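Below, subunit A partners subunit B and then partners subunit C, in two separate complexes.
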Partner chain A sequence: MSRVGRIVLFGLLAVVAFPAALLAVRTVTLLEPRTPMLSELPGGRQILSYPLEQDAWESSSGVVRHLLSDGTVRSFPEGSIGGSRPCPEAWTARSEEGPVRIGFLHGVVVDGDTLRGDSLETRLESLRIGLREDRARLVDEVRGQAGAPGFERAMQRWNQFRRQDERTGLLLRDASDSVVFLRLSSLRQISRAPTGWIATAETWMRQILTVLSETPDSWGLGGLRQALTSTLALILLSGAIGGTLALLAALLLNERLRPGKWALVVRRSSEWLAAVPGVVWGGVGLGLLVWGAGAQLDALLGNGLRWGNGGLLWASLTLGVLAAPISLKRSMEALEEVPKQWRLVARSCGATRWQVLRMVVLPSAWRGLLGAWLSAFARAAGETAPLMLVGAVHSIGGDVLETGIRLPSLSGGFPHLGVLACDPPWSVLEAELGHPVAYLSIFVLTLLCVGFELTASTFLLENRRRLAKDVEA
Partner chain B sequence: MIVPAIHPSDPGDRPHVEFRGWTVKLRGREQLRWVDFDIPKGRIVALVGPTGSGKSALISSINRMLALEPDFEHSGQVLLAGDPVWGREVDDLLVRRRTGTVFRDGTTLPGTVWENVAFPLRLDGERRSGVLDAAVESALRSVSAWEMLRDRLHKSAASLPAGPRQLVNLARAVVGSPEILLLDEPCGDLDPVSTEMVEQALVDLSGSRTVVLSTHNLAQASRLPHRVAFFLEGHLEEYGPTDRMFQRPIRRSTEDYLSGRFG
Partner chain C sequence: MAESSRRRVPRSVRIADRLAGLVLGIGGSFAPFALAAAMLWLFWQADLLHPLADWSRVGGWLRGSVSLGLVALAGASPFAVTGALLGRGSDLVRLHLRMVAAVPLAVPAFLLLHWTAPWVSQRFGLPVQHPGWACIALAVGMVPPLWLILSDALERGGGISAAAYALGATPSQVMRTLILPASAPGLVAALLRGFSRAMGETMAVLLVSGNYASAWGGAGGAATVGAALVLDLPEASPGGALWIDLMRGGLLLTVLTVSVYAVSDRVERRFRSGGQP
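Showing the complex of A and B:
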């Protein structure tokens, strides 16, 4: 790579790296394991709570907010809460079925029998995981047997599990001694603040991984798993569509020694199209693909609404068309860097246009063409706005327990990192509690964009350097 | 006004390329006007004349490279060994494989020396490396470049100095045993030493092959060819055996150009 090329690349990298680093730092600091506080209100009542981060408005008006043990948030005048002390023996439970709870472990109920004692704490986690695994297995069994003779039996086992599950949980007692029962199998997480720096670091790491790998659930909790996989699927699909479209067009237009007026028309219009804002493309996709092609397809198939909704296919086509102009421009540049004289010499030997392409142009310009192809992926990765019109959703359902990769269907909606960042389904509370999914999704998206773009430009620059060397020599 | 060219015929030579009233217009500008002469078989013919006199257009008429130009009209006929080159059903590729072409600027194809020389054969689908190796060696030997390049066969051709690079192009032009060699100012960008190298190669390989050579170098035009054709503004002014052209030119313009008074 040339020196100028390197300087430009690293300059760009620095420009993007700075905000990306800020995002990463913010993400990581928000995920720091925290300890609940035990404090005293003016009336002498004690509360167990997480103090929330003060925003600019709150600090100027002297308000602090606390997440209380029942999962609600309350504002207090600054200074009205006294005697706060960390309370590492309190547990925090995140349930799929209700708000976050904070409390002291009062007891564990197993199939209706209340157990108490110190050894409970160690059994709690294995009990919870066992139950969740049982549940996942039984759900699978019931699903698998749907319509089959074994369905009744599976259903029986499921109901039996449910009965036992309903009566297995833990009792959390808050600072004012009221006790709440939480079904153990519904808990995504039950933890105490780690003590000691090793445990803290471990918990910290685990939180980051959790946010990256969890599936979201109906409460809007959970992580980026689905958004990550379907964003990747979308980028790959639309990049492949747009890049290939552009590559074919460039080869068709550029590999004639007699450039027709079409080359000029396509070149000019692609320059213009490259400047069209993404959301306009979203409108085009919605109008032409979803309402146009999709509705027609549904009418033709007669199976009800399937393609007439926004979905992965329409979104990929939209992003593909959006990404094609830049890729086309770069493909043409890469082809133009191949000296015309090479083509003349090859043609004078009796090579067909196809042979010139295969034996002269591709071997010498494949890096540039690959780079141009990859730019379509970078462009597709960097665009969010049109997706809101053609099928981005917050979640594609699925069991919270599933561990495999769930890809959205071609006709169905899909979660997308950029859309989650713009329009997060997670409550603000979650973010403040150390669940910075929005920041993390922007960060991951930035990495994806920069990764694709850097790879693409590296190939393009390398192509230019090599061709320049060949021509110069 | 059409001035008939003066070209005393030589009854002993069978024509290889025949131009019959050949007229070429490129982008609306006349490049060749009513060119009417024969290139005899097995001889070296030099095309001389100032820049823009139509030498390159004439060469591109023989290998049909003119067909690649965007805006191109022609009338008259060009016959290659009796076959019309510009007939309606003529295949560009077949014509180009019967000819071997070298351009002025010495550009080689990307890749190694070996890949350059073997290129025309690989176009025909020849894959056997034994056959290709032998053909590359014999082509390089025929342009007297084998000793010089045998150790650099697998080095990049573009990295060679200009002289050897043009020899590689020459070898590429002859590797498919074309019946006629078309050299468009092959020494145009070369220093005298390299020119000497290429001329020597040309003399060695011409033998019984027809060679059409366009040149600005009058010394070269007086040394190498059997015949010289002098072009001026797209028109063949005079054509004849080299000695006569240089010693007893008929036209005033020929004398002025060949003696270096203009051009």
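Showing the complex of A and C:
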């Protein structure tokens, strides 16, 4: 290749990789902990606030919107605020109820007694985590004892905890010296804008982990844990279904079927399967699996509406069929790289077709077949549209206090990272509060797709390289 | 000799062979059944003779899908063709491409929606939700998959150009007189395949057009078949007018994409069998 050609090629490659790189940059900048600003208002009043990004949906220029220390958002004409300075000593508290509060640490109230002093900051975090853990444990206990003799005792302990909890909190003082009490167990996160890059990186990592591991509230705000686990479960299930079907089809076509009418039908329809749009599969899955098979299953089992709703199983079957063609194509390529003569020699020695498959084809092409199998996972991870028809939901409401990772049930609706990212008004709101759930979810989804594809392609290329070397030798 | 060797194959080996054939036959021929089930169900639900339906609505969706596909193809193909012709056969390029092509098409749309569109609308006063954004998002997003399809199509037949180089041809001569003419049918086939894929793409369009009533016309007035299916199918009652329209849209879109794909397949097979020694 000429030098100009090489430059053009790598320029194009860079352009192609551009969106993914942009996404990474944007996610990182949004997650960066922001420093509150202490600003002077025209009347001589001081406020603590975050300047928010402009509202994309109204494109109102000339106005700067601020998130104030009391959790409200106000717009100020540009230039009306004089003398802003960053205020790293201010604290930020995100509560479960929604508003983000900004203020100076005034004190900590523990069971009614106000504490002040130097070691407050370290005590604060352990106190908060302890309270949240206690609360989750007690709620589980009350739930578990419902109807049992121990219920009264559990309720007593819960009420005792509630009384203590009501009187344990954080005192934040804003710029105009009014102090607000925040119940400690309801706070998702309390932090101070870090100084220095090590502290920044630490806060940044902590924020990513918080967003990824928090269970969302019933509005779906706050965390991605459910979406992450159910997306992973969906990818694994549908990839395994699609990859296995494709592997069987490839082996059937390449090793088993003699050329004829049926072989042609199987081959053509497998290729054409790739052309059916994903969303059409969504519709077909809704009609045939959810309302067809699901309703039949419900009628058979007689336990009400359970399988007749969109759910993880139907979604993964739908995605499995959708992911199969790419895997099939790559399996066929991997099988075709095994020289025909090897099979002929084995057959002429008296091996059955199964023996040829087991002793010649699989040992020499397993890398390629594994790669092709994994391609189905990558394809399943990248498709979102059909899921909106076969059971993706915004959140599984009600289990705010759930602890531990629990797999989503096969019959129930499931939140999905791609679907979450595609809800613009909600995601814009989250991003403005320094909680870029949409960005993070689509970024994690992209990482999953690219990771699966990279593994798959590495296996496929390795397979080709090794077989080419073997054939030469 | 043949008789005696056949008799010596143990019974267990023969049974294993039969069993393997059975498993492969049942699992492996899922494709015809899946395709037939999908098409038959769509056809049954579309109820082509039903008087209630509104063909103009279906036509509008289909027109949206086809024109978006064409625009995306027109935007993406110059980059993809250049890249595929320049980077033929390199494993590094291929690995990189496969990775980037695995990125969901919703990513460029997402970035456009959340980053570029607000910025442009603030600077130049354009609306944030506009069909033009969907065209751009699809065009950008289609470059990697199209490039990958193209480079798969052009993969074979590196031998002639090596011979030409050996005879002293320059790279541009090889490109002009050998590679382009020899690979033209393959390019056409791959472009058709990309068109078939772009027509069915939903998420990018949906994101930019919004989940709600939007610049495209709101409920029942989505731009493409895909967007209409996702937005309106959960609300449509089976057997109702909207349902039948949606099913007709889905059926026609599937017929369209599959037939474009089949044509591209045919072109490619011709090219493989005829064009190469």
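Everything that follows uses one rule, which is that the second predicted complex is superposed on the first by the 374 of 473 C-alpha atoms of A that agree within 3 Å, B and C clash if a C-alpha of one lies under 4 Å from a C-alpha of the other, contacts with A are read in each partner's own complex, and residues count from 1 in each chain.
We take it that a contact is a pair of C-beta atoms (placed from the backbone, for glycine too) under 8 Å apart; a residue touches a chain by one contact, two chains touch by 3 or more.
This one's a predicted model, so the numbers in the text were calculated from it and none came from an experiment.
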{"item": "Subunit B versus subunit C as contact partner of A:Ala323, first or second or both or neither", "value": "neither"}
{"item": "Contacts of A:Leu23 with subunit B and subunit C, given as first, second, both or neither", "value": "second"}
{"item": "First, second, both or neither for A:Gly350, with subunit B first and subunit C second", "value": "both"}
{"item": "Partner chain(s) touched by A:Pro363 [first = subunit B, second = subunit C, both, neither]", "value": "first"}
{"item": "First, second, both or neither for A:Ala90, with subunit B first and subunit C second", "value": "neither"}
{"item": "First (subunit B), second (subunit C), both or neither touched by A:Leu38", "value": "neither"}
{"item": "Subunit A residues touched - subunit C or subunit B, whichever exceeds", "value": "C"}
{"item": "Partner chain in contact with A:Asp470 - subunit B first, subunit C second, else both or neither", "value": "first"}
{"item": "Contacts of A:Ala274 with subunit B and subunit C, given as first, second, both or neither", "value": "second"}
{"item": "Touching partner for A:Ile235 - first (subunit B), second (subunit C), both, neither", "value": "neither"}
{"item": "Overlap of the subunit B and subunit C footprints on subunit A, listed as residue numbers", "value": "350, 352, 355"}
{"item": "Parts of subunit A lying in touch with subunit C, wherever the complex brings them together", "value": "1-2, 5-6, 8-9, 12-13, 15-17, 19-20, 22-23, 26, 54, 56-57, 59, 61, 244-245, 248-253, 255-256, 262, 265-266, 268-284, 286-288, 291, 321, 324, 328, 350, 352-355, 357, 378-379, 381-385, 388-389, 418, 421-425, 427-428, 431, 438-439, 442, 445-446, 449-450, 452-454, 456-458, 461"}
{"item": "In the complex with subunit B, residue positions of subunit A that touch it", "value": "257-259, 339, 341-342, 344-352, 355, 359-360, 363-364, 470-471, 473"}
{"item": "In the complex with subunit A, residue positions of subunit B that touch it", "value": "63, 65, 68-70, 92-94, 96-97, 99, 101, 103, 105, 107-111, 119-120, 122-123, 156, 158-159, 169, 172, 176"}
{"item": "Complex contact set, residues of subunit C against subunit A", "value": "5, 8-9, 13-14, 16-17, 19-21, 23-25, 27-32, 34-38, 41-42, 45, 79, 82-83, 86-87, 91, 93-108, 110-111, 113-115, 117-118, 121-122, 125, 128, 140-141, 143-144, 147, 171-172, 196-197, 199-203, 206-207, 210-212, 225-226, 229-230, 233-234, 238, 246-247, 250, 253-254, 257-258, 260-262, 265"}
